[in-house]
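Got some structures for you, see below.
Shared between the two complexes below is chain A, which has chain B as its partner in the first and chain C in the second.
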Partner chain A sequence: MLKYIGRRTLQNVLIFIVFLSATFFLLQAQPGDISQQFLANPKITPEVREQFREQLGLGGTVGEQYLTYMGNFFTGNLGISFSEYPREVSDILAERLPRTLALFLFATLLSFGLGFQSGKFLAWRRGSKTEPVVTTVGVFFQTVFYPWFALMMIWAFAFGLGWFPIGKFLTVEKWLDAPPGVEANGVFNRMLITALIVLVGVAAVEVVGRRAGDRRRGKRITWAGRILLVGGLWIWWATVWSEQAPYALDIAWHLVLPTVTLALIGFGATMLLTRASMLETLKEDFILTARAKGVPDKVIRDKHAARNALLPVTTSLVLSLAFLIGGGVVTETVFSWPGMGATLLSAALQEDIPLTIGAFAFIAVLALIAHLIIDIVYMYLDPRIRV
Partner chain B sequence: MNETAIERNGGVQSGRPILEVDGLVMHYRTKAGDVSAVEEVTFALGRGEALGLVGESGCGKTSVAMTLIRLLPDNAIIKEGSVVLDGLNVAELTDGEMRKHRWADISMVFQGAMNAWNPVYKVGDQIMEALEQHFPDMSEAEGRVRIAELFELVGLSPAMMDRYPHEFSGGMRQRAVIAMALSCNPKVIIADEPTTALDVIVQDQILKELRKIQEELGMSIIYISHDVAVIAEVSDRIGVMYAGRLVELGATDEVFPRPRHPYTYLLLSSTPSVVGPRRRLAPLEGEPPNLLAPPTGCRFQPRCPFAAEICASQDPPSQELAPGHHVACWHWEQVPELGRLEA
Partner chain C sequence: MSISWKLSKWRWPAAVAVLALVAAACSEGTTDTTAEETTTTTAAASDDDGATTTAASADEGLTYKIGIFSDLTTDNFWAYLGPEADVYNGYVLGNGHPALFTIAYPNILLVPNLAESDPVPAVQEGDVWVVEQTIRRGVKWSDGEEVTASDLVFSYEIVKEFGLGGNWTGTYYVLQADAVEDDPATNEDESSPAREGVTSITAPDDYTVRVEFSEKPGLATWNNGVGLAPFMPEHFWADAVEEARASDDPAATLYAASGEGEPSAGQQIYAGREPGAFAQVTMNADDYYAGTEFTFYADGSFRQKNDARGFDEVYNGSGDGDITTQWTSGPYVSDVLYSIYSDQNAAVLALRNGDIDFILSSLGLQSGLKDQITSAPDLGLIANASNGFRYLSFNMRKSPMSEQSFRRGLGCMIDKEFMQNLLQGAAIPAYSLVPAGNTFWANPEVEQLCKGLNAEERFTQAVQILKDGGFTWDVDPEWDTENQELLAGTGTGLKDPGGSTVPELELLAPGPGYDPLRSTYSVWIAEWASNLGIPVKANPTGFSVIVDKAFALGEEALNWDMYILGWGLGDASLPTFHESFFASYQDSAEGGFNTPGYANDRVDELAAELLAAADVDTARAAVQEMDRIIVEEAPYVVLFQTPILEAYRTSLVFPFTDSLDGIQNLYGLPADVQAVD
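Moving on to the complex of A and B:
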């Protein structure tokens, strides 16, 4: 198992190197010298440009430039952003990466959970009156023109109903008199860490519960673990981080609408795929065996059918990553959510090459890591490929 | 009803039979019309008895089995008849009530049981699921002891219970399926083509073991197969099905040497000798009828070498030729001894 993960990680690193090289040669194909951008910005003096040329090795041959580029990248030296001069690219990315991570993570979990559950019931209650309605809704989400849909969501829920803010990361007025220890990135990182602890913790407790040997004891362990985990974090926020809590809520409130919007585009496809996969699984012989054993319908649905239907749906997550990233760029832009996607788009439009490369590369890293995690999860779900 | 059922038990066992099927009619509703898959089937299964059901593909063997254990698809309807399992009419139970009796009273080894395992759970856990269902008071440790015993009984190493189905070979999977079918001490086991997917040697081994276990545990079993040789080896009595009907029923050592129904006769003639002396092989020509529109009169009549006028117009009633030997044919006297028919 560890060997498998190691091999997959190595593969991903190689893919990443190929990706970086491709990016480099694409840029080479562009006319002009990238150090000659932003000529109108008075802060970027000719000395800065010269220093920049030096750092990028622009004087050398293509081969030398390539080596400098790769070397810079792997030493974490991503250069300086022109559009946000004089900030370091790595500094900008460190700020925005968590924001994108949160958006993608929550949206994926939400769309997967929602899509899987509804697809499951749809297949189970096949032929019910709600089926055509729900299926139509699924097809709508699967095919809708996404930027338009995102705008409609803002129009309906932020502009019309006023339930959520119209885009942005936080409410500026609220933060003006924030106490000294409270700073947006710090608060947000704390939120993200909390969410990750909950996720990993819940999964870990589940595994421990399963390995407990006795089923009933396992269930108790699982529940106790969940309650301890959530309760503990709750108390931690109520005491140690109590100063940050209201500000965290403000950010969370801004996060809801973009997350839901991004989740909804993935939802339709997941639901329809789950339905199809579940209908296939229900035809399997082992479903008949389970029925013959006298297992109740609900257990057959969840433990036997849905559990197997989950496998192809998980695989499809890998394929939907590309759509998710595209959707993420649009979501961040439409909702002015300052994450990697919005950064990438604005940097590219302003021809801020260092920032574009940096954002591009880190989105790729995110995608590769997501891919790796899905692989590992799949391996856990399907004993046939566990090694 | 019970009287006749006991009578037809062929006197192999005394006492009330464990399973009595009387006048069972089951149809599948389809867009093209009703498929008459089980038509007027009557038989009884004695305690500790092994009954074999044979017939060509599509003649309704699985349909009978599924009706007995009440695992029919939604489009199936039991039109008439009763299925009495140890005094309880299974055909009248609700699904919820039936669930308690499945596996605990009547279990089944399915056709294509190779795929009977859910690929994502350990084999032992899947047997445990049945135990948990029917013996809620049994602890996990007791359950494991029980599964280990079952594995030993069917010739598997108990350590295999913590393995996944894909780690089992076909024969091992089949043995494990049998262990699972035995797990709740059912009164009746239905084995629907339990070994067709296996090679002949493994098939033979498993059949012999299954027969031994069944005799040791005193269970009743219904073997289903299209293979006459298999049925001959394992059953005390044999029922021959054709196009949804039970055309001949009798003790194996009576029916095999001297079949009375033309279909049984042709079925045996087309198979190399199972019991008794060597004989000429005669092919069984034609196809079983489409059950959407079965032939009038006797269903075998279009393929029958002895068919006469009456066969096409009237359905032959089941007659008892000797105690426990039933045949539904107008011309059973004309059926010659095996190997005597001129091609």
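Moving on to the complex of A and C:
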């Protein structure tokens, strides 16, 4: 297993190097001259320009520039932003990353959960009256023009009904009274830690419950574990992080609409693929055998069919991550959510090359890490891979 | 649990979604029915006819909520006027540091602020020129310390000692003595602008500022230079300055220091921010000018009167006659919140929803959002001319662009009024370099080449201009009256006055993704040029590509023919851009801003006169004459201006809404905005 993970990690590192190289050569191929782009920036003094030229190796050949660029990157030197000079790119990315992670984590989980569950039931209830309706809804979400849809969501649920705020990630008036030390990124980080604990905890409790032997006992263990986990976190937020709790709730409230919007966009594809995959699986002989043995419908559906149908859906999830990140640029812009996507867009429009490369690279790192995690999950889901 | 029960759960979200859309649509309908009301309310809110505004009395609990489109990059005023000269930093930080003088809007007039009187003329004392200007007593920083002359001395000394750049250079005009001595050209040329600057600022007493200049100072150096330089509170910054002085890079260390807690002697006090989300300022109720009545008269004079402070002053005239604008300064709000939005659509929805009261953007709102504003009953729309222009530039270093008749002939063919209609009012025709909205400086007599002519008349006149200039064709161009274009087979073989065939020319313009207005203009200009037999190919391309070519140095300055770009102009109270863009010594091939390579001795003389002018009448005469000559010789053909559209809640009232570059240019008037009674 470790060998497999090691091999996949190495592959991802190689892909990342290829990605960085492609980014470098694309920038070299663009019209205009990178050195001229920052020469025109009045913020940057002649001395600093000279430092930039040296740092970026602009005096040398393309090969030398490439080596300088890769060397800088792998020594953690992402450079100084042109548009937010003199801030370091790594500092800007560290500020924006938690907001994007929060958005993507929740949106991906919601999208996958909603899509998989609905696809599963659609396939199981093939031919029902609701099937064409739900399928049409799925196709709508898969094909809708995203910026328009995001604006419509704001218009309907924030402006029209007033259920949610119109963009942004916090309520200004509420945060004006925030005690010293409570700042948005700190709250975001705590929310992310909580979400990760919930994810890992729920998975761990599930595994322990399944290995309990007796089914009823396993269920009890699972439920007890879930209650302990949620209760523990509740107490932790109510006591240790009590100062941050109301502000976390405020951010969570702002998180709902962009998360749901992003999730709806991703849900259609997952649902349709799950449905197709389930329908294929349900035709398999082992399902017929299970039915013949009198295995209950629920067990056939959830354990025999759904688990096998999950494999192509998981592959699709990996592939769709890139789309989700791309969609994040739109989401963050429309919802005034200043994360990595909005940073990337703004940096690209202002021709802030170091920040653009930095944002691209971070998004690539996130996508590759997600790939690696999915690979590991895949290995868990499909024992053949472990062999 | 049956599957059908589980599936039935889908009905709820579906029903909720449909209901949400229906409910939202219904609420939108309500808005439409009351749209007519908007006009009335908006008209009442604005005060364009000169009447005194009727508004509620001060409401100390009121928060003025403004939407902005970018995060602040600093809270340090030194950095804001240095490397962080971002407009959004300016909106929040730019209203707390007074200067000797200020620009009074909407008439764009330089008037005393901390100074007790109009700018005192400089007198010669030996080798230097000296100004001694007294400042007002009783002006205080918001922490109670008095504003004194030593604050200005401190500011100047830091700018000089640390070599602060950016806008600091253009405010204090620190004379770079070493640079002058090291530069032989400057040493030889006694009229070189590089020789002019401030050699010292001292404080003979707490209320007198003494400024010494190396040469007789012009308006740009004194009135609009040091006169507009901000006073920095010495007592607040002294420790940070000491720390910076002890560091390896004092300027960078000073820029990096926090400005939180800095006292203000202006209208706003910076109160803090949450990165990516919002910034906050509190209004300074102890501002020296709080409660002052400001009045502009029809003759251009200006009065500021404050009984509590004991002053009643009139500038630029007698202070009699018809009042054009009058208001009493607040603050009427207790604080201002700046919420950051990434998208104008979302900001407009927030405005309609009551989340914000005004939208601040240096470029104004997209014209596509106009309907959303005008259809809302409680919103008003403000439209003003921008302080800038979009233009067509010719590379006069090579033929045929070097020929005035070529530039004027092509300029005559450009139908700006047609383009205004085509672009649905988004491109307002412009003929002079100084925006018409800057009424004091604009030359109303400037030539409006071929304005009002129809297509055939333009064609006839343009052909005549080209013929008069010595251009010839193998087959003379003729107009096809039926198809309203060049008659097929005519207008071929265009030759310049030297007899050389005019080659295909390239017209660079920003692409449609960056600016559809300029991109569309380029296509039409190419079409109009072809009607004269001029082979022009429009090339919409990247902004940076155009800038790289237009500002290329040396021989590379020959690598372009024509381009379309725009300029945002600086200080509207003293427009000196003619000198930057058209003086022969500013040739872009040698590192200046004169991209056409235009050279005219008379313009150079006028530019020198402008820079040396010690009074506004002399300066205005020089500006207007330069404008006339340049428009006639057409190194640029000025094409259009874009209107600045702004939106606000009609529950608020501004003292005036007609102002060059919009209310955004005045930070959204936070000290004067009031709640409607």
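Observations, loosely collected:
The rule is simple: the second predicted complex is superposed on the first by the 368 of 387 C-alpha atoms of A that agree within 3 Å, B and C clash if a C-alpha of one lies under 4 Å from a C-alpha of the other, contacts with A are read in each partner's own complex, and residues count from 1 in each chain.
As a working rule, a contact is a pair of C-beta atoms (placed from the backbone, for glycine too) under 8 Å apart; a residue touches a chain by one contact, two chains touch by 3 or more.
Given the structure is predicted, the values throughout are model-derived calculations rather than measurements.
In the three-chain model built by superposing on chain A, chain B and chain C fit together without any clash. In the superposition on chain A, contact of A:166 is made with chain C only, not with chain B.
Contacts of A:337 after superposition: chain C is touched, whereas chain B is not reached.
When the shared chain is aligned, no partner comes close enough to touch A:353: not chain B, not chain C. Residue contacts after overlaying the shared chain place A:158 against chain C, while chain B stays out of touching range.
Of the two partner chains placed around the shared chain by superposition, chain B is the only one that A:308 touches, whereas chain C remains out of contact.
Residue contacts after overlaying the shared chain place A:286 against chain B, while chain C stays out of touching range. Ranked by how many residues of chain A each touches, chain B and chain C are led by C.
In the superposition on chain A, contact is made by A:295 with chain B only, not with chain C. Figure note: vertex chain A, arms to chain B and chain C, all at CA centres after fitting on chain A; angle 150 degrees, rounded to a multiple of 10.
In the superposition on chain A, no contact is made by A:101 with either chain B or chain C.
Figure legend note: chain B and chain C, brought together by superposition on chain A, show a least Cα distance of 14 Å. On chain A, the patch touched by chain B and the patch touched by chain C do not overlap at any residue.
Against chain B, in their complex, chain A makes its touches with residues 213-215, 284-286, 288-296, 304, 307-308, 311, 381-384. Residues 31-33, 36-37, 40, 42-45, 84-87, 95-96, 99, 118, 121, 124-125, 128, 130, 133-134, 137, 151, 154-162, 165-170, 172-173, 175-176, 178, 183-185, 332-338, 342, 346, 351 of chain A are the ones that touch chain C when the two sit in their complex.
Note for the complex: chain B touches chain A at residues 69, 71, 99-104, 107-108, 110, 112-113, 115-120, 129-130, 132-134, 139-140, 164, 166, 180. Residues 3-4, 6-8, 10-11, 14, 20-21, 23-25, 27-28, 65, 70-71, 73, 83-85, 165-166, 252, 255-256, 274-278, 280, 337, 339-343, 345-347, 349-350, 352-353, 355, 541-542, 544-545, 547-548, 551 of chain C are the ones touching chain A in the complex.
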